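Here's the structure, in structure tokens; my notes come after.
So that you can tell them apart, the chains are marked A, B, C and D in the order they are listed, and the count of residues begins at 1 in each.
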Amino acid sequence: MHVSVRIQEDDIWVADEYRALRDRMPGTIGAIATFIGLVRDQQADDEVLSLTIEHYPGMTEQSIHTIVESAGQRWPLDDVVIVHRVGELAAHEQIVFVQVAAGHRAAAFAACEFLMDYLKTDAVFWKREATPHQTRWLESSAQDESRARAWKTPDPTEQN
Amino acid sequence: MHVSVRIQEDDIWVADEYRALRDRMPGTIGAIATFIGLVRDQQADDEVLSLTIEHYPGMTEQSIHTIVESAGQRWPLDDVVIVHRVGELAAHEQIVFVQVAAGHRAAAFAACEFLMDYLKTDAVFWKREATPHQTRWLESSAQDESRARAWKTPDPTEQN
Amino acid sequence: MDIDVLFFASLRDVVGAASISVQLPVPAGQRELLAVLGERFSDTVMQALQAENVRISVNKTLATQPLSYSDGDEIAFLPPITGG
Amino acid sequence: MDIDVLFFASLRDVVGAASISVQLPVPAGQRELLAVLGERFSDTVMQALQAENVRISVNKTLATQPLSYSDGDEIAFLPPITGG
């Protein structure tokens, strides 16, 4: 499994990531699932001006590699790329990019969603949201926690 | 919901599709899930030389629009693009591109996978696979059928 | 009346043509269509067209039995579909 | 012994510094670290550092109690994380 994990202030160039995957890709890959998270310009009816993301260099990368290894043990994956931005991001900017290539679509979809769910709960980042009225540090929601926990229970669809 | 469905012999330019989405996108979008299907170079231990895809102009587009409408009724989606190629495709070429934008990731992921599952079973295409030993018309597998049927039963995770 | 009959994929291979025009009596349904096709094609072809997994569309819409055809209709024989 | 203590996100805001160096007796664990920090910071800061949802890492690995620190360790106070 080829794995690339990058934390960067720079923007994410989705087209370049996809081209690089196609270039290095073994031919047995039939399915590529990707996810891109953007800064929403609204949160609970308040306008979002920016999101500032902080990380702990070294520990953050390790936390993501641990998540990727879990996914790799769970599904037959060929290629995983995760790029996560840090610093101050304006509304509509790209935050995170996850790209998973596998032989078949079930594994690619499941792993991509699994990776996003665990990035929400287990990756070492902190996010501060600025609205016209306040600045506050975010926590992963109860919903995020329950989505991540759901992967720990046996999944009846996993054999498909 | 912005919807674009295209059937074409030309290759799919993923970077252009993504850029166009970002250009037209309302800011409340926080999640973009995409799927790309490629021609695998192996099938059941036999080398795949090419895949030839045939459609029924008019009926095929309508069959895909019907699938997109089902997805739109099921999840709050902002933008759906489906590009499906026809003609003779060599191993490793792109077959299909699905791009779904939504406010949150749960809807984007679920709808993207739903669309792919129904493209397998309900979209009016035919595929002929050529190996060094034979040429044969493919059918959607029993597994494909059961994946599509699974969406028809109530999904306990849907409220998340 | 005249209708167009289309054959896709494996059925086009079996029939050896993508489309043909046929003349049907009025009124006509699937039974009359198959009778006319049976005069033109072999038993092998007719068995393929009547396989359990073959569906019929009328004017690009999947049709359910009983069928009743009209002048100018476009009928298609659709073997099992799969996309994606 | 000397250790580095890091504060992230909301805890850095509360402490007013991203990192400090502290001298600890040998041997030292979390109790000794908190005692030294308590001499420097207000009760408000100390309550924030000891909130139930704050986790401690030692040399960039999440630590579980009881902790035992070594010279040169990098200790971090981590408020609730969320990425993606």
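Note that in this section a residue touches a chain if its C-beta (ideal position, glycine included) is under 8 Å from a C-beta of that chain, and two chains touch if they have at least 3 such contacts.
In this text the structure is predicted, and so the values were computed from the model without any measurement.
Undergrad: Quick one: point me to the chain whose Cα centre is farthest from that of chain A.
TA: C
Undergrad: Report, in whole Å, the distance between the mean C-alpha point of chain A and the mean C-alpha point of chain C.
TA: Measuring from centre to centre gives 50 Å for this pair.
Undergrad: Quick one: report the Å distance separating chain B from chain C, using the average Cα coordinate of each chain.
TA: Chain B and chain C have C-alpha centres separated by 28 Å.
Undergrad: Once you find the CA centre of chain C and the CA centre of chain D, what distance in Å lies between them?
TA: Here chain C and chain D have centroids separated by 77 Å.
Undergrad: Can you tell me which residues of chain C touch two or more of the remaining chains?
TA: Touching at least two other chains: 84.
Undergrad: Two or more other chains touching the same residue: where does that happen in chain B?
TA: 37, 116 - these are the residues of chain B that touch more than one other chain.
Undergrad: Can you identify all of the chain pairs that touch?
TA: All touching pairs, sorted by chain label, are A-B, A-D, B-C.
Undergrad: Hey, which residues of chain A end up touching chain D in the complex?
TA: 37, 53-54, 56, 58-60, 62, 64, 84, 95-96, 116, 119-128, 137-140, 144
Undergrad: Going by the contact rule at the top, pick out the chain D residues touching chain A in the complex.
TA: Per the stated touch rule, the residues are 6, 8-10, 13, 53, 57, 60-61, 76, 78-84.
Undergrad: Would you pull the chain A residues touching chain B in the complex into a rising list?
TA: Residues 14-15, 18-19, 25, 27-42, 91-92, 103, 105-106, 108-109, 112-113, 116, 143, 146-147, 150, 157, 160 of chain A touch chain B in their complex.
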